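Heads up, there are several structures right after this.
Shared between the two complexes below is chain A, which has chain B as its partner in the first and chain C in the second.
Here is the complex of A and B:
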């Protein structure tokens, strides 16, 4: 079984919002119609986005770390938003595990957004339907695009490579390896939703240096473990 | 959660309608000496209230013209089950009224089926809220019990007011039943309030972003002008307002009606006021029910930035 998902590397995310803008650009230009923007150039601009980058500060000054945190639909393996939908507009695809909304069936009751603990579904105030991340389902299988571009637009946009796209059920995929090798974790595990998207934790980049790495055991000046006697400093006698 | 007035009106109106039906059917089972018109006009009142509730529910939808689709997923969705149960209950009440109109002997049987439908509707309405596991304030059997008790209490108060005009000999017994049910509803609602006051959220900032540090502060939520998430899941009222609405609904929905029902046994004109006060109180109660529920997604929307 395939479960497509994103693995987000919090260690390299710089909070540039490229994924947000590229997501908006792609999804507002699609067949499903534009994602609404209300008062875009006015007071209190608001609109529908499938992806948001938030910023958190961990710790107390001066020991603080700034953490940029991209948040989009986690394509849960046990999605709470799907069984509550009264019309069946909200569904999880069997073939690749993507959670989608059928905009033609959605009645706009917002019940799915109540059931989702992550707040990743956004009601489109113009189309009057619930919208959410589609994992760019209209890109990843699109044969009109070059093969390298058949990835979610957020993944393509990310300048630091903080977003890994792949099948998390395939242990050989880059996404699965990143999760297992770098301690990828799900959000709100206590909710029992089993999110497919995982996050890679931040870690301190360090380079441990042991003394034997500084001490050259093959020093040609060293004979039979006897330290070479340092030569007296050479100097030139300018007085003569 | 942001209280949606369409849903507040839906749940309070149909609750009173279901309660009134249960009282009418109990009256029939007790072989009270009342005219058939008592049941027919009573059923009309029930249909009016539940019809208004149904109408209100349409205002909650982005696409009301697709509302018929909501009956599709009854296998998994309590909302879908409610969507089926409400018209079924209304059809049952209509059948009950027709049977009384024709003087048919089938009234008891139709009433029995409609009673099952009324209780089913109570369970469905309660489960719409109780089934959302992430909203700890709602995910409790008390939610269903209270929808049932509050619906029956307001229905019985309405029955006592209705009997003043149609069957005055029944007002005293109805008022006593309404007092008992209102008291039971007060106990149930107080239990829920106490339970919710002691709730410890299972989801924390730490599990929301997956960082185990006691101090995490949001610096930006990714949008300056607000979003669906900042509108739908916050009630937007001050702490003082929330603190004042709790005693207000307890007085209006429970204590004042109890007193008026008690006096109403001897002074029946007060019974209509008792119902109106209780209904206004229940609107406030339902508003608080929504406002009290703290959605875990709010952890991601603490600071605009």
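Here is the complex of A and C:
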């Protein structure tokens, strides 16, 4: 069974919010929208966003790092929001595994929001229905678009290519290979929801080199009576 | 003891009370229209706290609608005349509270105009959908029970109907508890103790409502309540308050035992701002300890004390539900287990804030207004007030 999903590379995400704004632009103009924008620019912005980039400061000063964490519906393989919906408005498509909301059936009880452990359900305060990421279902199958553009709008927008879209059940897909080769992990696997979206971990780019790798104690040049490069002192003597 | 065959609230009082109830209910309906017109942005609710104050009112009324049937159940199940005489009033109150609670619940939905979809597209795996059936069923079973009591030909069926209502109300309150017990996503819930806790809470809250309404209705109808009956009911209320405290304590103590729940318990019980104040001050002190003192202290326990204790139990119920529903949502989802989130954009991992808006307060109050209106008109129009036989009281 196909399971479409996003694989997000936290190593290269710079938190520019291009995915947020492009998602909002596409979805507010398309079949999923309009998405309310009550107070989009102030300190505490409000409004409906299918995709949000959370920015965290990790660690304590001076050992701090900034971490950007894009989060949208994870299209769980066992989504907890689906069985709790009283009208069956929340459903998971068999053909591609996308979790969607049928707005005609949604009564706005918001119980799915209680059930989602990831907090990615978005209650649209103006239309008063529950909304969420559709993986741009109205885009990825749209034959009027050039084939290269049949991807979720957040994927197209990302300037660093941090978002990979594909079938995570197909071992040959770029998304699956990224997960298997680069240690991709799901969010909160302990919940047992089997999120389809995965994250690629951040890596430090430093390369530690030990002195033994640079200086050989049995330098072969010694045989040719050439003075070997002296070994560095084991401990630097700061007193002299 | 004065015996009257029918309720006789003096007309001018009746119309004044009806007008008051209609005014409160009307304000609630206007608030619902206002929210519907402007969207939920005019409420204090947001993407983190999706159920606000109206749900506190609605769940109180639904739980109390089940609990108010206590006296009817004791009458039917154990055949006690004193309680059986109160069954019609209990039935009416149950219908009134359920109607008020469901009205608030429906009008607080995003799209109350689509509520019929809940009947046409029924999802059998949803506990929320089960409750739709349970609420409708309680209306039907209580109406049937009232019919068997008030229609002489049907009197022989009143006991089986009472047993049916008893079973249904226990299942209904279990269902209400399950709405929260099935939630594994949030730390405040997902506990098997919640359904029995809601059942015992319903006993206390329902009986408190019943005692107040009974006293007020007797007073408005210039009837006198037998002190022996009053004493028996107030002792029952005391036992229910202790039972409720026991379950609430068990719920929090089991949470404290689990390492991953301790942060949540610290939030609710110690450092969560308004929530610990409401829990300890509102529920434990004012809503439980003080009523127990008023009921069981040898120098107290008279009519006024029982009324005050009942009112305090209701106050405590609102405090507990506010902490349980809104505090439970305000505590953040644990997305990065083992890490404390100090700050984040969009509020992930942080304590969510909530301030109820006026339309929400009016909507919740409107539900109480509807329940009051139905009770006042019902008592006036039909023979719902208890007629106590002093001999039967002594025999029981």
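Throughout what follows, the second predicted complex is superposed on the first by the 196 of 240 C-alpha atoms of A that agree within 3 Å, B and C clash if a C-alpha of one lies under 4 Å from a C-alpha of the other, contacts with A are read in each partner's own complex, and residues count from 1 in each chain.
Rule of thumb we're sticking to: a residue touches a chain if its C-beta (ideal position, glycine included) is under 8 Å from a C-beta of that chain, and two chains touch if they have at least 3 such contacts.
Since the model is a prediction, treat every value here as computed from it, not as a measurement.
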{"item": "Combined model on chain A: chain C and chain B, fit or clash", "value": "clash"}
{"item": "First (chain B), second (chain C), both or neither touched by A:36", "value": "second"}
{"item": "Per-residue contact with chain A, leading partner among chain C and chain B", "value": "B"}
{"item": "Partner chain in contact with A:180 - chain B first, chain C second, else both or neither", "value": "neither"}
{"item": "Which superposed partner A:88 touches (first chain B, second chain C, both, neither)", "value": "both"}
{"item": "First (chain B), second (chain C), both or neither touched by A:117", "value": "both"}
{"item": "Which superposed partner A:160 touches (first chain B, second chain C, both, neither)", "value": "neither"}
{"item": "Chain B versus chain C as contact partner of A:25, first or second or both or neither", "value": "neither"}
{"item": "Partner chain(s) touched by A:201 [first = chain B, second = chain C, both, neither]", "value": "first"}
{"item": "Which of chain B and chain C A:106 touches, first, second, both or neither", "value": "both"}
{"item": "Residues of chain A that lie at the interface with chain B and also at the interface with chain C", "value": "44-46, 49, 52-58, 71, 80, 83-89, 105-111, 113-119, 121-123, 125, 127-129, 187-188, 190-191"}
{"item": "Chain C-touching residues of chain A, taken from the complex the two chains share", "value": "36, 38, 44-46, 49, 52-58, 71, 80, 83-89, 104-111, 113-119, 121-123, 125-130, 187-188, 190-191"}
{"item": "Complex contact set, residues of chain C against chain A", "value": "36, 39-41, 45-48, 50-51, 109-112, 114-115, 117-118, 121-123, 125-129, 132, 179, 182-186, 329, 333, 335-337, 339, 341-349"}
{"item": "In the complex with chain A, residue positions of chain B that touch it", "value": "1, 60-64, 66-67, 69-73, 76-80, 83, 128, 131-135, 202-203, 207-211, 213, 215-229, 232-233, 295-298, 300-301, 305"}
{"item": "Touch list for chain A against partner chain B, complex", "value": "17, 20, 39, 44-49, 52-60, 66-67, 69, 71, 80, 82-89, 105-111, 113-119, 121-123, 125, 127-129, 185-192, 199, 201-202"}
